[in-house]
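Written below as structure tokens is the structure these notes are about.
As written, the chains take the letters A, B and C, and residue 1 is the first residue of each chain.
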Amino acid sequence: MSAFLEIRGLSAVLRGTDLRLLRSVDIDVPVGTVRGLVGESGAGKSMIGRAVLGVLPRAVEIVEGEILLDGRDLLAMPPVARRRLIGARTAMIPQDPLTALNPSRRIGRQITDRLVDILGWEPARARSRTLEMLAEVRIPEPERVLRLYPHELSGGMRQRILIASAFVAEPELIVADEPTTALDVTVQKQILGLISELQARHGTALLFVTHDLGVVAKICDSLSVLYAGKVVEDTTVARFFEAPAHPYSAALLAATPRHTDPASSLKPVPPAVMHAVGAEIAAADRSWRPRHG
Amino acid sequence: MARIFALRLLTTLVTLLGVAVIVFVVIRVVPGDPIAMMLPPGATEADIARLRTLYGLDKSIGGQFVIWFGNVLQGDFGSSITARQPVLTLVLGRLPATLELSLLALLMAVLIGGTLGVTGTRLRGTRAEAGIDVANGIGLSVPDFLWGLALIVLFGVVWPLFPISGRVSPRLELPFSTNFYLIESILRLRFDLTRNLLAHMLMPALALALPLAAIISQLLKQSLKETVNLDYAVLARTRGYSERHVILSEALPNAALPTLTLIGVQFTFLMGGTIIIERLFSYEGLGNMAIDAVITRDLPLIQGIVLLFALLFTLVNLVVDMAYVLLNPKLRHA
Amino acid sequence: MLDGRGALRRRAGLRLWLSAGWQAVVMLAALFAPWLAPHDPLAQDLMLGRLPPFWLPGTEPGYWLGTDSLGRDVLSRLIHGARVALIVALVAGTATCLIGSTLGLIAGFYRGWTDRIIGRLVDIWMAFPPVLFAILLIAVLGTGLSSVVIAIIVIDWTRFCRVVRAEALNQSQMDYVHSARVAGFSRPRTLMAEILPNVLPVIVALLTLEMGIAVIVEAILSFVNLSVSTDRPTWGGMIAEGRIAIHHVWWVLAFPLAALFLTVLSFAQLGEGLRDRFDPVLR
């Protein structure tokens, strides 16, 4: 059986230039599994998540490739149909809970409006389902919280609300874009546990964007390592931590802080590795011609 | 919140007192004796002395101010020299015309500026947006006086679509019992008169509206463009909402706040513009009356009009500040 | 996208040159009016009244832009009118700038009670409609060029004061100002040597804007016949004459209106261009 999300040969450039931002990216996320997307900042992790959800910045232009959601190519669909499909079957957990809730609207409407407007639910059903979901993410007094404004809640509470909002309509795929980065360390653990628990219970496929290999180890089944917009390694979590295949992956793993062996952690990526991976990308670029650029 | 309001009210009162002092000083240092101008030729010394006592001009400057300010507080602005009627009656008679013109202009500015701001945001990065930017730049730097003249030449002479003088056609029978002609014509369902009034008001109102529309458009577009890239707007797009919905329902309520505060301050500038625009279009409002009063040196009338404008301006600013506190959910609970 | 920015810059440069070009035309007209004007701007000739501009039928050779109801040459009056406009722009604009900026600098840098008094004065000033205030002042002071200049200063100093105060306040909280003070420089020296140069781009931009506004205020005062004496041609005065006889001699209004439009736009463009060029951050 094919994956719920399949990205095939996706390339993107900075609009109006030849500067490549994504280089023939292939990624699969099978039903009910968690795929980690790791790399340094600027490697294009978030951009892939945004491409899947159809919310790339205007400056980024996709020049070739396919994004198949349940077998249908999003890039070949008319915009309105694509928006509907993404809205109905996917969801997003954003990075910063402080800016991801509209400050001028009450929490309740921010979750239920879309169930009614876009998915066509009865308002009463949307409300009872939302209350159920808020209880599931362990928000106390959900009835009261529905009437609050975002600024009346803490960052951790807001992230719980965003998680509840992502799972509320039972999407088949959720893109989580560094959902714990903006939080305190203690809150990070709880939120990560919560996402993992909900993912397992609802059987949701998850594309998890992060720069933290510790997070990958806890939550993911498989992962893709990105460097300069190119997937340099696509492997399972077990195999990756045992023996990374690509030198860059190995260097990345070595650079991750470890409690067990503080002395060997936080090594910078060796220059030779950087040089080699740079040469690899340059070679790939030479043979690449955009189909319609 | 009550504390914020109380403090704001206090500064408003201080401002109004300052306004009164300045009006008093400017009017009383007029070269020439104000009494001499009020009297018919051939008045006797005794007449002059009697009037001096009547107006309190025999007292010290401080004493004069106290008497004058006391009268002003009671709504007694004296009598117009030329019209020989109480200033308050004259001024309140003209106020509705000016208010109707200003509010229509404000409405037009918000509609034009809001539409351009939202359209510019939807079309961001295109040539259409660049065109809106150029229009904004011109609208910002050309004042209402020049827009009024340009409209007179364009739609009064070259392509005569609208009347260029007056508030309403003089031949018409007016059944109105107040001076709020436009509002009353609508309430009385006399839409023939509404049409006639609007035709007269359209060009002066547009002249007043254009600079403000440019400011609104520019500021609104700027804050909308910042807001539509925030995470909650992106999130709304992933949920299946259209770009139009994202701009109007998610971004606009948040982006509108700075624009709203600005509209408040700018509205007083717009009202200040009515003075010359009313003159330009021979529109019978306060501004036209003010210029006549200056030309005929009708000091009590000038004084009344200046004080009324100052009071209106300060009240508008007060209301805007309070609305800002009420509209901002973060301040509402402070 | 990067190319677009380059085109934008070039277009901004073009606008700056066009603006400077128009300013040069106005300045030359003002300086050499008696030599440039084809006719005496005050000479009336009722036989030559209401002549249309050159492209319309019924013109008289030599009267390029037509004549007004009294037979005065519109082009000559336009050229002579540039004199009052230019004097008001330079004198009133500069004086308003000096006074308003000084008060703004003092309020923003010294803060405390000076700031509170100046701030309250600005509040009070904002409660007056500027045009009405100006007209009232002329009524009190009497007409004439110096009254016009004084009226413009009195109504418009707040524009500089508000902006410059905010900017000076901003700058005075920067680290380089603290270090100047710690290094033992006096407050006036810190103000002049550290703060003023950083506020200057804003002041220059406001100054050119103010020159355009001063020209408009003078035109408005001339329009209501409260500026210089009527035997001196002004653009506002011509507009007033043209407005009265708009259906017969629209060109008497249209040409000075066009001159005002171009003058105001060019001052605004110049201000924007100068600000961009002098702003150390943008440069």
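Everything below uses one rule, namely that a residue touches a chain if its C-beta (ideal position, glycine included) is under 8 Å from a C-beta of that chain, and two chains touch if they have at least 3 such contacts.
The structure displayed is predicted, hence computed values, not measured ones.
J.: Taking each chain's centre as the mean of its C-alpha atoms, give the chain farthest from chain B.
T.: Between chain B and the rest, the longest centre separation is with A.
J.: Name the chain with the Cα centroid closest to the overall protein Cα centroid.
T.: Of all chains shown, the one whose C-alpha centroid lies nearest the global centroid is B.
J.: Could you find the two chains linked by the most C-beta contact pairs?
T.: Counting C-beta pairs in contact per chain pair, the top pair is B-C.
J.: From the C-alpha centre of chain B to that of chain C, how far is it in Å?
T.: From the centre of chain B to the centre of chain C is 23 Å.
J.: Please work out the Cα centroid separation of chain A and chain B, and write it as a whole number of Å.
T.: 52
J.: From the mean C-alpha coordinate of chain A to that of chain C, what's the distance rounded to whole Å?
T.: Roughly 56 Å separates the two chain centres.
J.: Could you please specify the touching residues of chain B with respect to chain C in the complex?
T.: Listed in rising order, the residues of chain B that touch chain C are 11, 14-16, 18-19, 22, 26-27, 29-31, 137-138, 140-143, 145-146, 149-150, 152-153, 156-158, 164, 268, 271-273, 275-276, 279-280, 287, 290-291, 294-295, 297, 302, 305-306, 309-310, 313-314, 317.
J.: Going by the contact rule at the top, pick out the chain C residues touching chain B in the complex.
T.: It comes out as residues 120-121, 123-124, 126-133, 135-140, 142, 209, 212-213, 216, 219-220, 223-226, 239, 243, 246-247, 250, 253-254, 257, 260-261, 264-265, 267-269.
J.: Contact residues on chain A for chain B in the complex?
T.: Listed in rising order, the residues of chain A that touch chain B are 50, 53-55, 57-58, 80, 83-84, 86-88, 90-92, 94-96, 99-105, 110, 114, 117-118, 149, 151-152, 175.
J.: Which residues of chain B touch chain A once you look at their complex with the stated criterion?
T.: Touch list, chain B to chain A: 124-125, 229-232, 234-242, 250, 253-254, 329-330, 333.
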